[in-house]
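Reviewing the structure listed below.
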Amino acid sequence: MSAPQPQGGPVARVLGLLGRSRELTLVALMLVMGALVTLGAPQFISVSNLNQVTAMAAIIAIAAVGEALTVMTKNIDLSVESTIGLVAFLVGVILREHDLPVPAAWLVGVGVGLLLGIANGAVITIFRIPSIVVTLGTLSIFRGVVFILAGGKEVNLVDLPPGYADLATDSVLGVPVFVIVAVVIVAAVGLLLWKTKFGRQIYAVGSNEEAAAIMGIRSRTVTFTVFAMCGALGGVAGVMWGIYFGTIYATSASGLVLQIVAAVVVGGVTISGGAGTVVGAALGALFLALINNALLVLQLPQELLQAIYGAVILVAVSADALLSQRQRRLAAREARR
Amino acid sequence: MTTARLQLTGISKRFAATAALADVSLELLAGEIHALVGENGAGKSTLVKVIAGVHQPDAGEIRLDGELITVPNPAAARERGIAVVHQEPRLFPDLSVAENIFLIAPPTDRFHTISWGEMRRRAAELFEQLDVRIDVAAPVRGLSMADQQLIEIAKALAIEARVLILDEPTASLSSHEVERLFTIVRRTSERGVAVLFVSHRLDEVFELCDRATVFRDGRYVTTAPTSELTTASLVRFMVGREVSLFPKEATTVGAPILEVRNLSDASGFRDVSFTVRAGEILGLAGLVGAGRTEIARVLFGIEPRTAGEVLLDGRPVEFRSPSEALRAGVAYVPEDRHQDGLVLDFSITNNITLPILGRLFPRLFLRARTEVEVATQFSERLRVRMTGVDQAVKALSGGNQQKVVIAKWLAARPRVLILDEPTRGVDIGAKVEVHRIVSELAASGLAIIMISSDLPEVLAMSDRILVLHEGRISEEIPRADATEERVMFAATGQRVQAPAGTGASSVH
Amino acid sequence: MTASSQSPARPAVRLGALARWETLLVILLVGLIAAGARMSPFFISGGNFANLTSSVMEIAIMALPMTLVIIMADIDLSVESMVGLAGAVLGTLVVAGVPLPLAIPVVLAVGALGGLLNGLLVTRAGLPSLVVTLGTLALFRGLANVLLGPTVISVWPDWFTSFGFGTIDGSPIPFTLVVFLVLVVVFWAVAHATWIGRQVFAIGKNAAASRYSGVRVNSMRNWMFVITGMIASLAGIILVARFSSARNDNGTGMTLTVVTVVLLGGVDINGGKGSIPGVVLAVFVLALLQNILRLAGVSSEFQGIAVGLLLVFSVIVPQLARQTRGAVDRARRSRRPPAGPIASGEVTA
């Protein structure tokens, strides 16, 4: 029960706490799952396996943070997977064909991601077109640009500077670099949401746009900024994707948006806007990566993965709906007391 | 004499062809509670919106503490210390109570970022001043309407408002909650805030307010201390003339059609029983939130009931959807015409035939001529003023829109017709016409339930009046004994000992 | 939509605008045909016609139910995965020795069931169709993956594959076009000539008022998802027949094209507006455009850009028109001198 008054035994109270905090629920689920998987396949808990899991989880988590921002404002960005693919490919091409230092190439990649996000945000806010339509369009437009860029060729690991792909598994004081990057980004965006006026305006716009307008909040500016941020974070994820895989195809990261949106939804960011945290979205990404890895180490068929993702999305949103329905009913009862 | 806290002079505002406000003035003093009263359409809400920066006046000036100001938008109003509490609180359900209060100007710490501890401390302080206990860290979603209104008042205190406007704040509160609200409003005005209290509940005006200003048809009528007014004189100022409402024709009341026995729903009303007969109009009076609309929604199959039974022509029925209710012959004219009553983009024809498409065209295929014939027949019978039945209903006036809603239900040939605030937002001329139509419908043998907050209307139209108070029937008053006073008393949970004829009824 | 209730209605003008949108599509069609004819002498030939139409028929038939879904202010993103799942089920059944004429109805039933899952989650659980169908987009594709794995099933009876890409003897009319045209007639009739269609539009414009008028809103929405799922599985069968192969990635990316065609056809993404003839015109615009791009040597991968641009523009253009018309209206209203009777209640209502 998520009733305001604590009732029932200790078990009920723990469940109530979990029901209210999606972050805690996910951590608990992951611990249980980790324990079970380790029983079946002890190599799950090995350092090299965990590094593998966290590197991919970090990429998805960063993209999910951006996606979460758009969902919090009651929007959605379906094009982020094409942004990731485009930036990954572009950075590869730059490193292959130009004599640019690596960090500069990365900067260009993130900048291009930002530009793509700005393009989305501009069309959505200037023409007041639903974000789902715009980003469904740019999903294939951005991907088309990758095809033009690729011209039928892929970027291979040998084209890149020596040792480039090692960055994905490098670590500082035992912590993988990718994880550090993800944690820094989650912390920074989390602080922005929690501690600044602009961050709170993101929630306000998603929670009640009419009230936000009356309060003098410029919801279009907020929406625009959020899409720009989502693009830039997609750019960061794209750069990391390129480092992680080394070999990049024109179709790289196709279909990834499902996993990103799933991470956001599973992480407790409600699709109706106004609620959720980026920590939740990042934990959602880790949760999905763990499922993926668990299938691998338990030698279960990988084909199950997509079906599981779909089921996880449906279960998560249904749970949200049930919880909020119960909340509404409680509220109605409260109002009549 | 001191300068007024807020002084409005010669304010006019037009919407297209309609003058909502014509040269009105209003003066609010610091520390007073000032009532703004008037009938529906008197211009109260428009004036509130002008002060709040939602509308810009076409003419006139606004002075705050003697200084000439403009209020280009709601944010500017807030910056100048003008706080508005709307009938429906406009809060962010996902954010906490404290954050809703301090969203625009949150307290910051030394890093110039939001200090949550400080915010919660200050919010708690505000509620302490109001003597209200509320968890400031909890999200607003799930709080009662009354609590949400208190948050709006706390918002006003937080910006140290000089002017506090309460727009029909008691509409959805229980009497206990109203008492608490009044205490808080008094406490606020004692701090020197000028309070404007917009209401159509005269008992509240006399209980709470020092002075009252009356508007009628968008014009200023008078301002007077409430101590010098009586209910009767106030009503006369509001109505301004002897209104000739269309009284119900005497009809022979037939057999019982709808019987309701011990009906309850989840939250709105409990243990309600009544009978409506053919040719009879049963008035449902009571304050907003007393459970009147909830009863209608259960009878029409929108909400489920939790106890009791409903008999139609002596047979028990239970509708799980409006379509089932309609098929059985129960029709409902909802309170919110735009939201629930009409498809605004549709033509008059398409709106009128929407509930009866299956009956008109059992073979699925539409026939334009049949539809136009039906629509013409019923819209002419109700004298809808239109360019033609193919006109979109959103182009019609409120009164004509309401006639289309009723036409729609007539075409469905119901046995029971439930009308929820049938003349709200309708001008006087159209109102009389709607009354004539409803009266004719009763004469033709329909059983009619009329929910209305408009007391003269209830008194003029009803054969019997059922008064609800906090979800229960507090009194059933036959037409002969009905006075405004008696209905009002019953609606607030009291009873008049001897039926007095001293009510301020302007009905004849 | 509170905005729409504020602007005064002029139905004549609105009808005109709708007619103009379809006229625009016709002009676009004629222009594309002219351009194609100049590019290649083979453009105006029976063979090319058969080629260009049959290449979009899966999209075309899915656009019909999708039109009604979007008019009801819902959306179904899962159709492309249902195409894949239908192929996977068909392939699995045939490999298991089930004769095709028996397998096909089973596949259609699977499509209807998938649609029912969407519909129930939307209407019973009250979830937004966008998220539900995003979930089933993954779920259905996942089930296809589970059923087929990396296997490609490419052995099919001749009659089946010739249905996929063959034409009616002695004419350039593909069999699949006949299927499409039959469906067009059915959907056109339902949408514009029966009261079911009237209720569909009413739900899209104002679901609450429709419910209060006795329209069984949730049941209608539910049925529409079921029909969409079933038609998507039919498209899946046609796709298998046309390429004579069932793979787990059949249909990937199709949802975008289907939605694009519907919006290009003049259907409002917010619901309540649109027409089947407009969508049929849009289908042929898309077919011609793809054909011309192919003739111009643009590879199919780039055509994604064209479809994406088409989608964005088909939404921007009417929106721009609406915004300028709104601005013109406002300007006109502010110039008109105030007049008329004093005070009616509606202003404050």
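Per-chain numbering from 1; labels A, B and C assigned in written order.
Just so it is clear, a contact is a pair of C-beta atoms (placed from the backbone, for glycine too) under 8 Å apart; a residue touches a chain by one contact, two chains touch by 3 or more.
Being a predicted model, the structure only gives us computed values, none of them experimental.
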Of A-B and A-C, the pair joined by more C-beta contact pairs is A-C
Per mean C-alpha coordinates, the chain lying farthest from chain A is B
Rounded to a whole Å, what is the gap between the Cα centroids of chain A and chain B? 45
Whole-Å separation of chain centres (CA-atom averages), chain A against chain C: 30
For chain A, what residues touch not just one other chain but two or more? none
Per the touch rule, the chain B residues reaching chain A in their complex are 54, 73-75, 78, 90-95, 99, 103-104, 106, 111, 113-114, 138, 141-146, 266-268, 471
The residues of chain C that touch chain B in their complex are 4-5, 8-11, 189, 193-196, 198-199, 201-202, 205-206, 208-216, 272, 333, 338-349
Which residues, counting only chain A, touch chain B once they are in their complex? 4, 191, 194-197, 200-201, 203-204, 206-208, 210-212, 214-216, 274-275, 327-337
Footprint of chain C on chain B - complex, ascending: 14-20, 22, 40-46, 58, 217-219, 300, 302, 321-323, 325-327, 332, 334, 338-347, 350, 354-355, 357-358, 360-361, 364-366, 390-392, 394-395, 397-399, 408, 412, 424-427
Using the touch rule from the top, collect the residues of chain C that touch chain A in their complex. 75, 121, 125-128, 130-132, 134-143, 145-146, 149, 248, 252-253, 256, 259-260, 263, 269-270, 299, 301-309, 311-312, 315-316, 319-320, 323
